[in-house]
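Order of writing sets the labels: A, B and C. Residues in every chain begin at 1.
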Amino acid sequence: MDRPVIGILSDFGDEDFFVASLKGVIAQINPEARIIDLTHRVPSFNVLSGSFILYAAYRYFPQKTIFLAVVDPGVGSSRKILCVETERYFFIGPDNGVLSMALEEETIIQIREVSESEFFLPYPTRTFEARDKMAPAAAWLSKGTPCEKFGPKIVSYNKLDVRSPKGEGDNLVGTILHIDKFGNLITNIPVEMLTQKREGSDGRLLRLRLVRGSKDESPELRGLDIVFHKNYGEAEKGEALCLTGSLGLLEIAIREGSASAWLKANVGDGIILTVICET
Amino acid sequence: MDRPVIGILSDFGDEDFFVASLKGVIAQINPEARIIDLTHRVPSFNVLSGSFILYAAYRYFPQKTIFLAVVDPGVGSSRKILCVETERYFFIGPDNGVLSMALEEETIIQIREVSESEFFLPYPTRTFEARDKMAPAAAWLSKGTPCEKFGPKIVSYNKLDVRSPKGEGDNLVGTILHIDKFGNLITNIPVEMLTQKREGSDGRLLRLRLVRGSKDESPELRGLDIVFHKNYGEAEKGEALCLTGSLGLLEIAIREGSASAWLKANVGDGIILTVICET
Amino acid sequence: MDRPVIGILSDFGDEDFFVASLKGVIAQINPEARIIDLTHRVPSFNVLSGSFILYAAYRYFPQKTIFLAVVDPGVGSSRKILCVETERYFFIGPDNGVLSMALEEETIIQIREVSESEFFLPYPTRTFEARDKMAPAAAWLSKGTPCEKFGPKIVSYNKLDVRSPKGEGDNLVGTILHIDKFGNLITNIPVEMLTQKREGSDGRLLRLRLVRGSKDESPELRGLDIVFHKNYGEAEKGEALCLTGSLGLLEIAIREGSASAWLKANVGDGIILTVICET
């Protein structure tokens, strides 16, 4: 590979020695590898958040990019380290779901356990396998070592339990997958579920409800009528709106404000959107 | 261009999928481009802050660097995307002033609107034009596509409304342009305005006043006598001082402390410095 | 050198123009240099923290890497700027101890003061010597300029005052060197000091005490019995444990929680571990 790209995502933060160590290891094994940070500020131990960010960004990278994704509360335990080859990319990370949202979009060629110690740093620790096992594997992969060398074939991998969105009458029922840096709420409801109901969607009034916690709790925490807009700029400053986000998913936003702070919404909260009228 | 540099500045934060998406897009279009982050932690929607950081850093970059600067509350609206060629650099960003402080230092060769969809990602969204339009344009520019291809010529661009500093008797009147990471207050008053008044400035006593909010408010919020020093180290720990900052502008600091926290100062506050005596 | 690596560490933060300026300067002087960020989020002016992070990460980098480490409260004063050549690496930074923990691991070939202005930017400021003096020196070094050119030879450098760990009967007495991003407390006690006492250490019960502030204060702030584990995963969620950290030093952690928040521990606090029984 000519100037192979290794994209790294983690919950290691930007303020510590963790990420630097990974990059040093990679640069030492393969000076030609080009490292691109996805982010290292996934909330600590939050596998869902890491999985979402990888899912949102990976598809824009060059083919053959190697993604190293480490959100790994079970480091040092018996959980496996995976190396997954798909038709377009490679993925290395713990088998805890952090790779799963991206993998569900991909055609998988093979899954291997990363267990062959010849590709590890000498004397790998039990507390920093990203540095001692995963970064070296990513670097060797970028130098052309085939996946097959890293360890035995695996037939399945752990997936995250994210409920599928569904339409129920005039309701669209989904989940908040991600709260972005601006406080926008990104749901798992594809915009097509709204536009299929009736042609066009601009200017429609929607009622928004949040469903917090387990399914058994009182479902309606807040009912709020908001307008569907094409972009943030069509709303007034401070106005709440619904729009098609950059991933094709419905998004709840406040223009130049934070929808998450205002609705006290969390990742994982349920969301119900009801079409209440057309303008 | 051989290993062209693309410098990116944004308010996208380091914790999300936004920056990773831009970098993926650029690496996919031009694997030879070298990406250098200016910062992605401009306060959300703060065009002045973004413009200042670009202004403070861009001149240290190699000639022909392409700067992609995205602080863009009007994304998806009718605001234009600009590509500006100057004698030394290229700049791409929304036409909302974020480029203006740097451009005022440069000799402009041409300004183009970035509107030709052949240089965009397919199906660009209305909410993430940095990924879908601006990053691709920067990448194509780095591959040698001339500015002229991106869209029609534009004759002017939007500038930020920053009042010029002025001398009034023994007073120097200016504005806080930036509060840096250490809490130092960077004004728009060039040190020459002080040293021209009388020869030499070290050790002089200055009276500092802050003017908050609109011009009609009570002007004097705090009068404080501080000493002009050559560097932070000449002051005692915890002592306030005035000095020539790294951009040649007067700066208010507290040694190993935060002037902004202590004065409750904000970007945009007026500042009046009065020479009250010489030591 | 072919694609030389310059690793940068600082307390400049990610949110400002400082780091961008350094990178611009380096890219302008040596376009071939490859810049890798260690971190820029060392707490402001915290020389010990910067020294530790450099120490923890540098050894994983390729040989001949040039480390530029800037935590520099005395910028512009008479403190010297050092360029240190060791058998494996180069180090540039202020002579205030920020380099010392790494240098103590290295075999030093020579120490030079960086004082020759021909390698500086024209008109260097007194407030940003990292941009005006240190980054240029690192870039010239990466282009092959020998250390000898930068200035006169120096025979010694300033070291940080970190007490050595020691064993006293059944007690291991050390210091908290670092609190990592997850809130884990990294001590300066090598795991060998524990395992040498008796063979094997897994499952042992230890009593943990913190000693805060000066030696004259009341020594025992908290006595807590914790188990020594192989990895975080062997403890229950929320359980405190002691383990061998990724640098071979004893570490106090809470599984998927923050030991530092819970113990209100600070860098520099003393730590006493007593072996109280074996399980």
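Just so we're on the same page, contacts are C-beta pairs under 8 Å (C-beta built on N, C-alpha and C of every residue); 3 or more make two chains touch, one makes a residue touch a chain.
The structure displayed is predicted, hence computed values, not measured ones.
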{"item": "Numbering shared by both copies at the chain C-chain B contact, with half separating same from different", "value": "different"}
{"item": "Degree value of the rotation bringing chain A onto chain B, based on Cα positions, nearest 5", "value": "120"}
{"item": "Distance from chain C to chain B - Cα centre to Cα centre, in angstrom", "value": "32"}
{"item": "Touching two or more other chains - residue numbers and ranges from chain B", "value": "14"}
{"item": "Residues of chain B that touch chain A when the two form their complex", "value": "12-21, 23-25, 27-28, 31, 35, 44-45, 73-77, 79, 125-128, 131-132"}
{"item": "For the chain B and chain C complex, residues of the former touching the latter", "value": "2-3, 5, 7, 9, 14, 34, 36-42, 52-53, 56-62, 65, 180-182, 230-234, 243-246, 248, 251, 255-256"}
